[in-house]
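Common to both upcoming complexes is chain A, partnered first by chain B, then by chain C.
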Partner chain A sequence: MMPLAARAWAVALAVPALLLPWYGQESLLAALRAGDAMPLAMVAWARPWLLPLLAVPLVALAASWRDAPRLLVAVSLAGLAWLCLESLAITHRGWAWAWIGGLLGAAPTQPALGWGALGYALACTMLAAAGLARRGWCRGDMFVLGAILLILGAILIFVFWPVMTVLISAVRDNDGAFAPVLFWEKFSDRSIWGLECLSDARSCGAAWNTLFLAVLVGVLSTLLGLAFALVALRTGLPLKGPIRLLSLLPIITPPFVIGLALIIMFGRAGFITSFLYQTFDIPRSRWLYGWPGVAIAQLLAFTPIAFLVLVGVLQAVAPSLEEAAGTLRAGRWHIFRTITWPLIRPGLANAFLIGFIESMADFGNPLMLGGSFNVLSTDIFFAVVGAAHDQGRAAILGIVLLAFTMAAFTSQRLWVGTRSYTTVTGKGDGGVPPPLPLGLRAACYATVLPWLALTVVVYGIILGGGFVVSVGRDHTPTLKYFLTAFSIDRGVGGWFLSGSAWSSFLTTMQLSVIAMPLTAALGLLTAWLLARQEFRGRGAFEFLTMMSFAIPGTVIGISYILAFNTPPVELTGTGTILVLAFMFRNMPVGIRAGIASLAQIDKSLDEASLTLGARSGRTFRLVILPILRPAIIAAMVYSFVRAVTAVSAVIFLTTAQYQLATVYIVGRAEIGEYGIALAYSAVLIVVMVAALIAIRALVGEQRIGRRQADTGAVPIGLSAS
Partner chain B sequence: MRHAATLLAAAVLLTAAALPARADVVVYCSADEKICRGLVTLFTKETGIKAEMTRQSSGETYARVRAEKENPRGDVWWAGTGDPHLQAAEEGLTEEYHSPLLPKLRDWAVKQAERAKFRTVGVYMGALGFGYNREELARRKLAAPKCWADLIKPEFKGEVQMADPNSSGTAYTMLATLVQLWGEEKAFDYLKKLNVNINEYTKSGSAPVMAAGQGETMIGVAFQHDVVMVALTGKPLVTVSPCEGTGYEVGSMSLIKGGRNPVDARKFYDWALGVSAQSIMPKFASYQVPSNAAVPVPKEAPDLSTIKLIDYDFAKYGSAAERRRLLARWTTEVKGAPR
Partner chain C sequence: MTEPAVTFRAVTKRYGRVTAVDDVSFDIAPASLVTLLGPSGCGKTTTLRLIAGLEHASAGRIGIGGADVTTLSAADRDVSMVFQSYALFPHMTVMENACYGLRASGLTRAQAEARAADKLRLVGLTGFERRLPSELSGGQQQRVAVARAIVLEPQVLLFDEPLSNLDAKLRRRVRDEIRALQQDLHLTVVYVTHDQEEALAVSDRIIVMSQARIAQDGTPRELYEAPASRFVADFIGNANLLPVTLRHDDATMGTATLGALAVALPHRNLPAGPALLAVRPHAVRLSATGDGLAGKVAHAAYLGGHMEYGVELPGIEDELFAIATDIAQPLRAGQDVRVRFDPGGVAVVRAEEE
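On to the complex of A and B.
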């Protein structure tokens, strides 16, 4: 017999068809306001191509009562397919493709899809899942099938489709005509692949520059992160707390401000440069502008992430192994070389790849400090907005960047994913790690302490710079900048927010808070599917989920306008599109955090629950979710701070009602109002720290009946992979 | 877990609450935030029409208008250098409109409109030039640069900053100006020599003058009114109008084709060309020459009588084909040359 759920969904399918407005006038949401929003059953008579859709609920009802799963799957998939086809073919301006007009004559029009269509698509998907489950797919588990189909559909609509609309312009000329020759011409351009920097003083192509920078930052951030991890865990220096604290800061730092702080210190007119010039007569130069400056800024930003990865790995190295080696009279160097090092090697690879990928995706630092050193992410931006206006070139650069990132992801999976280096078992480990070899310890101190000092000064400037007249020159305290941005005045109608930053600040907070649980839920559900369920095409599924992360933000922004500005899905100018951009861009973070946590939970727990008769949905809710608390916290925190600090992906999506904090900060910094930019950043940082603490309190700690081992930092983002 | 579910529900509700209120006219503004905000507020105050403003650089706005062309979201595009406006007109992204105020405008503003077959109009004009940092110059005890030719002097090696014309309209104006001033061959000779003195080709057009104000470079190429604007924030900057003559930009305004509020958009358009809108510009540190002939030139603005303006051929140098050719040549011969 057909499960009840299938019948319920078949009934549910009739609801959007009969009750909810089929079309949205302005956007999915604004449909509610428009008076003439009619359900499918009403609009279909005027638009005959919708009539087949009306038949679907009837057939589905019959199929679910008669227990005919094959028919159910066929009819619900046919309904979905017809919905996609008709809404793509008939746009708000008539036929989407001119040749149909030749076949079928005059062009009808239809507005964007609304709530009704959304509910209809949702119900069709669930019916297909019910039918497939009945046919025995995924061990007949409807929850799993439904989740897979829904997430797949969402990713196809909100990641795959928009990205393709941009990438397709790689093979088109500026007027939209097909031009494969132009593709090759632009692709092989010297500004991408040139190698002149090896032979003379010219600069190399952006692709090589990007690779060089990414490798440099990857290697150095890994080494620095390792040094920090060793100092924090294996020496007696009481630095563990401060290092932990500092390791969180870069994640919650708005883009651009690290670069800004570096210019204030080391620029040609920076205060440290001036000091060196006045006291030691060291000539002032512009060394900061170019790859050295970008590399330093990126190291400041990404070393903490490497640290978080390595601290976890180093903690997982069972000290008893090292102790045993010590008992066997191995020297300290010998132990480090033959035991510790090999055991942390996968962590090193992981840390390197994260630094590598983050460096390639970084947009703010190269923009501030790049000078004549061109990298792909900024070149893409200026190919779109620059005087040349060449979207094709942007798409080609995007493809190159995508290829690099994908290669990095793949090698990460191949290299790290297949081996087991676990030394943590259920049994306790009473060993005490041996002290570090002297030389190594000295080297660690020599790198860690100056770097720590630099980080402290940089953050001193970021947090305090907005509250003095001119940082580095005139340190008279002032609230001038803060008040310009965040003043509250009393007017005729009572108190009101008169500061210029309030509107962008409140919008940012509202949208980020909305996006936070949605992103985390989407990410964790996907993680559970990837880690716990077997289904065909899982690899392709995973690839699709990572796609939005690997694509530079600017490309995402443009692609969202191109895909969602016109019917069938019309979202530009709403807050919804910003939330969606946040969700699908940051979802991989939740996935990584979830997969990492799930890997630590034995499958026997799920199986026990299933054996006791709970279905997988119930198991997920009652068994998996409670254990996943740390991952939930990590995913929520990270999606929140990522949404607050995002800039490149949203710069094209902001509108008058939806101004965002980062876009405002960038605008200030652009015209040299550093005071306001810094004051605003400081406020954002404080708010994010508060949010971090609040989320922790709200979601609560992990409740597992086990001694609280020092679990290290939360598995932030990719670091968990 | 209940908390997480509550959060989820709250998020969905908040999304539903985030319905946008409709405005009467949507303005895409390509000037500084302060100016944009001030202008739109004044418009609402004087006409009672609710206006909404989105600020982006002129390049970003052009990219946005182009991406939205199937279903435009904006109504009017105000300010920003003329080239992207001309290009939008060329591509049919903007609407033809003959404002009743056209006869009241200065010559160059009307010419800009004629060039684009009335798909755009000039709202302000500003001459190209450069600014130098007084303190840096004194420190090196150098003579102040007065001409384009001074910038290639050996003592300014590594001290000149300009934007990359591939990404910045300001720098493209300079390239086109020099070509018109001296002829293409001589101009490229000059640019190759200048390449030796350039410390950085910045991405954005406003960056060089900012850097000069901070002392990060001695000389920055920019529009003169931008130099004045930065100097008035207390930076030791001196504005130079090159002795050989110089080109200029015509900051423009266009009606976006297919905008949703065509009537109010035209009201804004006419208002923005009128006296009250154009005379408040100096209040927001904007010191260009206004296009309405009845509005006096602000006293802080670079003195037009001392500036030698060339007869800039916008039709030729604003066209996509010529631009692509010059940029390609500049990229291979100048930027690609060893330094």
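On to the complex of A and C.
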């Protein structure tokens, strides 16, 4: 007999077809209340190409009642395929492809898809899952199949398709005509690939600049991170706590604010520059605006990430190995050179690639400090918002940037991923790591201590700078910046929020809070599928989901504009598109947290639940989620924090109605209102810390220890007898 | 004849190029305890997981209680399983763990708790209902796992190496408890282990697996006394395997000769000629004088209740492994001995593996 779920979904398929507005409308509720929701059943008579879609629910109902899974799969997939095809082929302007017009004549038009179409696609997907489960796919598990198909569909629509749109629009001119010659002209442009900086004073192309900066930042952040990790773990200096705390700060700092702090210190009118000029007569210069400034800002922002990676790697090196080398008559340097260094080398490569990708994707700091030093991420932005308004050029720059990050990402997965020597066995290692060689220790101190001082000063400025008259000059405490942004006044109609920042602040909070659980749920569900389920094409699925991690925010931004500005999916200017951008951009964090946690939970727990008659959905809810609490917290916190601090993707997508905090701050900083920018940033940081604590309290601490992991449980793998 | 509780018909399970279970067929009778026995990697756990629905067969049909369940998911099969790691849900109490399956099948909390309490009493865990698994000893955790599985009163109960996480002393007791429970409740049990002693002790029937196939299927006595192959003889009871020449004397009996030694035993219709003699360690008789094969004690070990010897025989590569209960006058290493075999502990097996 067909499982009940299949019948339920077959009935559910009729609901969007009969009740929900098929095409997009401003508000679903308003349309339903007014009774002018035009469901599929009504619009189809005027638009005959929709008629086949009406037949799908009927066939699906018959198939699910007569237990014909093959027919069910066929009809639901056909429904989906036809929906995609007709909505792509017939746009608001007529035929999407001119040659169809030649074949079929006059062009019909249709607006963007609405709730009805969404519900229809959802029900079709679940019906296909039900049919496939009945045919024994994925061990007959409909929940797993449904989750796979839904996530796959979402990723195809919100990651893959936008990227494809960018690729396609790169070979078109602004009017949408195919223009390969123009593509080549723009692609080989001097502003991208020029090498003039080698011969004269002019700037090199943005591609070379980006590459140079990324390599520099990758190498330096890795070395700095290593120095910090060594100091924290392998010396007696009581710096472990402060370093760990400082390493968390950049995560909750909007990325460009560091650049802002640097300007206040080292800019032409910066207080340190002025001090040097007045005391030592060192002339003021604009050295900060260019690659040195961007590199310093990025190092401040990304060294903590390298540090966290390398602390993990260094901790995983069993001290007993180094002790063993010591008993074999090796000196300290020899041990470090022959044991420690080779063991952490894959970790170093990993840290380098992360720094490399982050530097390439960074948008805020080059915007603040780049000056005439062009990099790809900011050039993309200026190609769209600038006077030129050249979408093709933006798309081409996006492709170059994407190629760089994808190459780094792929090499990280293929090369570094397979080359890890360090394994956490769960066995205690009683060893004590040997002290560092003297020279190395001195070098670490010499880099770590000044850098630590710089970091403390930078964060001092960020947190306190908005509450004094002028950092470095006049330290009289003042609330004027804070009040300009966040004052509340009493007017005719009662209290109202008169501060200039309230609108953007509340929008940011609202959208981030909406995106938070959705991102975490999407990420953790994907993690569970990847870690626990075996299905064909799992590798490709994993690559697709992790790909959005490698797509720089600016590319996401430009691709969302290009893909969702016109039907069939029209979202630009809405809050939805911002939430979607947050979700698919931050999902990989949830995936990683989930996979890491699931790796520690014995797989037999899932299986025990299954054999006790609980289906996958129930198992996920009752067994997996409660144990995953730490991962849920991590995923929620990260998605919230990253949504609040995001700039690159959203700067393309914000509108007057949906102004975001970061975009507002960038705007203030650009016109020199540093006080307001800093005060606002400080408020954001405080709010994020509060949110972090609140989420922790809300989700609750874990009630159990990791007993399961240490009862000597042998995970039942595929190879187990 | 009653319907078999479990049927396997030409079941194959492949992972990519690796075949974990290769064309396996068997029936399991209701209310019997059948053990899947074999070395690690032989496919026994995969077979168990195929019954549970945790793996799905690449080819062949699987039936439970007469119904074809080949494509059914684990949640839809009327089986439950006791895991090697117990797989107790760490965030639930003992009672919540025991109720889990009943709640999943739609019972109210009160109904579920009443039935679960009954089964917890059966395994002697009354009074522990509110504890978390991490607050129990290994043996108690094991009982919770058993209680959780039998609460559902499944048609088939599966055990995956249930004793491997217990210490040696506890193992024997739990083993006997499982057997007693199975017989009291008339459960159909499929039990996976790699320990032949455990298998012999609890089983009505043993299916020995080797390299993804069934090597032999029979009662413990059949397997021990009439091993079908060199592998089974070696795996069950650590038999010494000696090359002999077999001669048929009449319809049932034959003579196996090894040098000066001749042993009369059932020939089991093996062809006359070269064969292997499987000799159980306790069937090796060693004496300082008398007749028999000439050998030499290579080493001797005192194990309290018995002696273990390694004996070198001329022309035979492997040492003969012997167990002797005479601890009063042990033989010494280096001593020349005479070797004879007790006919109660020998069997012929085919010389070549087919």
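Following the convention adopted for this analysis, the second predicted complex is superposed on the first by the 584 of 721 C-alpha atoms of A that agree within 3 Å, B and C clash if a C-alpha of one lies under 4 Å from a C-alpha of the other, contacts with A are read in each partner's own complex, and residues count from 1 in each chain.
Criterion: a residue touches a chain if its C-beta (ideal position, glycine included) is under 8 Å from a C-beta of that chain, and two chains touch if they have at least 3 such contacts.
These figures come from a predicted structure and were not determined experimentally.
Asker: After lining up the shared chain so the two structures overlap, which partner does A:G140 touch, if you call chain B first and chain C second: first, second, both or neither?
Answerer: The second partner, chain C, only.
Asker: Figure out whether A:P626 sits in contact with chain B (first) or chain C (second), or with both, or with neither.
Answerer: Touch partners of A:P626: chain B and chain C.
Asker: Where does A:A656 make contact in the superposed view: on chain B (first), on chain C (second), on both, or on neither?
Answerer: In the superposition, A:A656 touches chain B alone.
Asker: Once chain A of both complexes is superposed, is A:D602 in touch with chain B (first), chain C (second), both, or neither?
Answerer: second
Asker: Check whether A:L198 is in contact with chain B, with chain C, with both or with neither, and answer first, second, both or neither.
Answerer: neither
Asker: Who wins on chain A residues touched, chain B or chain C?
Answerer: Of the two chains, more chain A residues are contacted by B.
Asker: Who does A:T566 touch here: chain B (first), chain C (second), both, or neither?
Answerer: In the superposition, A:T566 contacts chain B only.
Asker: After superposition on the shared chain, which partner residues are touched by A:V181: those of chain B (first), chain C (second), both, or neither?
Answerer: After superposition on chain A, A:V181 lies in contact with neither partner.
Asker: Looking at A:T611 after the superposition, I want to know if it touches chain B, chain C, both of them or none. Which is it: first, second, both, neither?
Answerer: second
Asker: Across the two complexes, find the residues of chain A that touch chain B and also touch chain C.
Answerer: Shared contact residues on chain A (touching chain B in one complex, chain C in the other): 626.
Asker: List the residues on chain A that touch chain C in their complex, please.
Answerer: Per the stated touch rule, the residues are 133-136, 139-141, 602, 604-605, 607-616, 618, 622-623, 626-627, 702-708, 711-716, 718-721.
Asker: Hey, which residues of chain B end up touching chain A in the complex?
Answerer: Residues 1, 3-4, 7-8, 11, 14-16, 18-21, 23, 26, 32-33, 37, 52-57, 59-60, 62-64, 66-68, 70-71, 73, 83-84, 87, 158, 164-169, 171-172, 199-204, 206-207, 210, 213-217, 230, 233, 320, 323-324, 327, 331-332, 336-339.
Asker: Which positions of chain A touch chain B when the two form their complex?
Answerer: Listed in rising order, the residues of chain A that touch chain B are 29-30, 32-33, 92-93, 174, 190-191, 196, 200-202, 263, 267-269, 286, 289, 367, 370-372, 378, 382, 384-389, 391, 500, 510-511, 513-518, 520-521, 558, 561-562, 565-567, 570, 572-576, 579, 621, 625-626, 632, 651-652, 654-657, 664, 667-668, 670-672, 698-700.
Asker: Within the complex, which stretch of chain C touches chain A?
Answerer: Answer in residue numbers: 15, 20, 38-46, 49, 52-56, 70-77, 79-81, 83-91, 100-101, 104-105, 132-134, 138, 141, 145, 148-149, 152, 158, 160, 165, 192, 194.
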